[in-house]
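Chains here go by letter, A, B, C, D, E and F, matching the order in which they are written, and residues are numbered from 1 within each.
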Amino acid sequence: MMLNVTDLAVARGGIPVLEGLTFSVAPGTALVLRGPNGSGKTTLLRTVAGLQPAFAGTVDGAGERIAYAAHSDGLKSMLTVTENLTFWAQVFGGTDIAQALSDFQLEPLADRLAGNLSAGQKRRLGLARLVVTGRPLWVLDEPTVSLDTASVALFASVVRRHLGAGGSALMATHIDLGIPEAEVLDVAPYKASPRASVLDEAFL
Amino acid sequence: MMLNVTDLAVARGGIPVLEGLTFSVAPGTALVLRGPNGSGKTTLLRTVAGLQPAFAGTVDGAGERIAYAAHSDGLKSMLTVTENLTFWAQVFGGTDIAQALSDFQLEPLADRLAGNLSAGQKRRLGLARLVVTGRPLWVLDEPTVSLDTASVALFASVVRRHLGAGGSALMATHIDLGIPEAEVLDVAPYKASPRASVLDEAFL
Amino acid sequence: MIALLIRDLRLAVRAGGGFGLGLSFFLILTLLVPFGVGPETGLLSRIAPGVLWIGALLACLLSLDRIFALDHEDGSLELLVTAPLPSEGIVTVKALAHWLTSGLPLVLVAPLLGVLLSLPAPGYLWVTVSLAVGTPALSVIGTFGAALTVGIKRGGLLLSLLVLPLYVPTLIFGAEVARRGAEGLSVQTPLLLLGGISAGVIALLPFASAAVLRINMRQG
Amino acid sequence: MIALLIRDLRLAVRAGGGFGLGLSFFLILTLLVPFGVGPETGLLSRIAPGVLWIGALLACLLSLDRIFALDHEDGSLELLVTAPLPSEGIVTVKALAHWLTSGLPLVLVAPLLGVLLSLPAPGYLWVTVSLAVGTPALSVIGTFGAALTVGIKRGGLLLSLLVLPLYVPTLIFGAEVARRGAEGLSVQTPLLLLGGISAGVIALLPFASAAVLRINMRQG
Amino acid sequence: MSIWEYANPVKFIRTTDRVLPWISAGAAICLVVGLVWGFFFTPDDYRQGSTVKIFYIHVPAAMMAINAWAMMLVASLIWIIRRHHVSALAARAAAPVGATFTVIALATGAFWGQPMWGTWWAWDPRLTSFLVLFLFYLGYMALWSAIENDDTAADLTSILCLVGSVFAILSRYAVLFWNQGLHQGASLSLDKEENVADVFWYPALVCIAGFVLLFIALVFLRTQTEIRARRMRALIARERQA
Amino acid sequence: MMPELGKYAFAVLASYGVSLGLLAVLVLASVARARRMRADLERVEDRSKRHG
């Protein structure tokens, strides 16, 4: 199943930031969003993930198929690495966290409290969560922040395997993810022209 | 005045992570720290900034000369960009925030609440704080996280100007900062061998 | 769902998780009352049922902001609502976890604190019964309030303000049961009303809480 | 230093900053008391001074966790302690800001709430005076507690547990002044003692708070 | 040979291991002898009847509850001034013991008050300050367990203990003031001259000795445990690092 | 054997019962934790010796 985004406009605080976006992500492919700071990548990803309503246009094939990873990792600092992952595995109906642990080389840290990890180690744990969700469409906001080169490569290989297994990914980033086969979409040209929202029109 | 670090060992949670570090940063120069995730860069920078005690060894020429920027930006989301900067300017005895605003192209955002900025815009504001402190030694932890290429260049030019004016900088990063003249120090070889602290020795 | 309950209980009993603190707060509040109003036993025993109820209510209230705020701050709430759990389930589990860690201990310890306030003998039973029937309602209503204020940083006090008026009926009937019980009068009517409130609230409010939570999560 | 005070006051009055919430909490608590203990005027007027003091104390208490926690969460506390401000100055300004935003409004509004509880006429003056003298001590002691728990996530309840025993002397003397005042007795001795506690606490405790803050900031 | 040598954990464990059996045995003997003597072989008081037997638990427990806090204060001061780890850990180890003694004093007092004063609890100054002491214990223990870093926890709890002691004394006087002239009558205490005759006093002394020894034994044992726990954390951390 | 406690039997027995109970809990908990810690530590020490 494809992710189809049609003529989408997304808004932040009631003001549209991007509009006229049309793209699709087929199974087995990845799309990388690029664009300067404040151009609206986070807003777009949140809309696709269903965390905020679309300002206009439609998003198809998302919903229950999505695993979303935001700027923050969603870790419980008082739970260990294993406990954090196991929890998400149970919530998503999976159970096997061994794969996720080994994918991101977290085994040596398995019994460590998440709060005692370094910035990059926390990020690896946040990404490992994607693996245990078992969801086909990954929506990732700057996934490699704080990661060193080795970890970026690790991440790239996990994404490749995910794509190879028929999954797909939509990612926003400023730096090179090491996945050259991914298509790139620059969102800058879709900057919304200043205009009122349908709702606000009455007030203008 | 130089920053002189002599035979420094730094610890996290009582356990040394780096040891035997000796380096110095002269006025007008910058030193970039590199090393894989979890190698102890953040710990080292916090020690140099005086936020945690050195495990062994000495740090000279730091103290009141330092402006520190951590993983988090220290912004008040309920204050505007101007108010945030003005506050720090007053705390550090300076007053002029115009320079800092223009350095990071924050003028268009000057009256925006800091909470309503995108990740990269927040980071720019966090970096602008360095300029208003007027302190000569900048200690920066992954300063360019979430920044786009244009902003990274902006940052590099501000650092260059700072160095040109006799300032110095110590920065940890995983990505290229665009400051080729900076020296690079890889911390990986200084990984501490497992050993007890003087304090813990009695317990081991 | 069970996983969520277990995680929440585990987090509550971990160091710093806040379990037992509501209890201590209850104890302290009870201790403060005589300091404030003076040590006469007669006076204290007259206000004892009311003080115990208000104390339990406040102890409950103070732990409300942990229900969602911690999950919101570290980003896991966003991930939870995109997970395959119905939001009604999330809020119900959250309310249940809150009651188990905050309400239930209060019910158990209230009779002991009654001693400190010279609660009349028949009061022990009815204070306990009224709290046992009433505190689930407090947790469920509180979860609604917590869902309302979830996006607000340190919204603890705002939360208290929103929730307190909603607590009034429960407090009135609960304290009435306890007071009548302590004075040896019949408690049937207020007890029935209290039970009715609890049942109604538990059956219906989670839908409102879930709706509110979804709305709060939807905004940028 | 002034800059910090101004920033804190400004943050407090911004939307969501929590100004007025302590006040509302105070109001609501006072309203709940008649629901809890029953509406007899005689009873209420006897417990009124005590209830007002306990209410003020709790309202103060609930806003304590904002003193440092917000700054800690967004990382600005770390930056503050590396700034050229002595930690004693930081904790003093923080306590002052807390008093201005939480304590002072309570002092001003307490007589109004006295009406709701049928406070006897001479009580108005003495409730106000005792609160005016006592609430600064509450803020300073509270700042100490807040500095102790600054690294602990949502340490609000722990904070209450630590701070409340420290509040005991202030509460006893303060409520005693208010109660005696309301009954028309002499208030000189407790008022002097209350003043003594306030003065001593304001003069000495900031050093302990500063030490504790530095220790908390030092850890990795 | 200075006393500070015992600040070395290894030395502390070795020494306490040697003396612990003796102290424990002493505590057990004193407690059994004192309590059996007091319970079975003392006459009833003419005014208080058999309730006087509560005396043998109540008074030692109350005394040790206060003394335990005093010991924690001294240990905290030693930590602040000389930074001996064992001292901080001993303070930590003593807190639950002191708290339990406080609960015992409160409980026995309540059971005693029921027949004597006709109420389980009265806001008598002495009882009230004990309740406040209990709160201090609770807060102290809660703070210890809420902080992960051992040294930070030791620093913070020591300062809390210091500040808390000052406020505990203040509270004591505040409570005395507060309940003066408001609430007479109900209070009753054994007048030493008259009632604590030797028949009651000797077994009580044995019991007091028992409680003191028990306290020492428990603090030694628990301090050892804390030292081992600390050592284990250090070892595990080192392993992880390797 | 049992002394005549009269009308105060409950107070006296409850005091002794509760106090001895609390003391027993305290002692047993302390001893149990000491044992456990001793064993745990030995295990960890063995392990760390073998590895390092």
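Throughout what follows, a contact is a pair of C-beta atoms (placed from the backbone, for glycine too) under 8 Å apart; a residue touches a chain by one contact, two chains touch by 3 or more.
These numbers were taken from a predicted model, which means no experiment stands behind them.
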Partner chains that chain B and chain C have in common: A, D, E
Chain A to chain C, fewest steps along touching chains: 1
From chain C, the most remote chain by mean C-alpha position: B
Farthest chain (mean CA position) relative to chain E: A
Comparison of C-E and D-E by number of C-beta pairs in contact, larger one: D-E
Inter-centroid spacing, chain F versus chain B (mean Cα positions, whole Å): 52
Centre distance in Å when chain E and chain F are each reduced to the mean of their C-alpha atoms: 16
Distance from chain D to chain A - Cα centre to Cα centre, in angstrom: 45
Touching two or more other chains - residue numbers and ranges from chain D: 16, 152-153, 155, 158, 161, 164-165, 168, 172, 218-220
Residues of chain F engaged with two or more neighbouring chains: 52
Where chain E touches two or more other chains at once, by residue number: 132, 135, 138, 142, 146, 148-149, 151, 178, 231, 235, 238-240, 242
Chain B-facing residues of chain E, complex: 8-10, 85, 148-151, 227, 230-231, 234-235, 237-242
Chain C partner contacts - residues on chain E that touch it in the complex: 110, 119-123, 128, 131-132, 135, 138, 142, 145-146, 148, 178-179, 182-183, 186
Contact footprint of chain E on chain F as seen in their complex: 1, 3-12, 14-16, 18-19, 22-23, 25-27, 30-31, 33-34, 37-38, 40-41, 44-45, 47-48, 51-52
Contact footprint of chain A on chain C as seen in their complex: 2-4, 7, 10-11, 14-17, 74-76, 78-85, 217-220
Contact footprint of chain D on chain B as seen in their complex: 11-13, 43, 46, 49-53, 64, 66-68, 70-79, 83, 87-88, 90-93, 129, 133
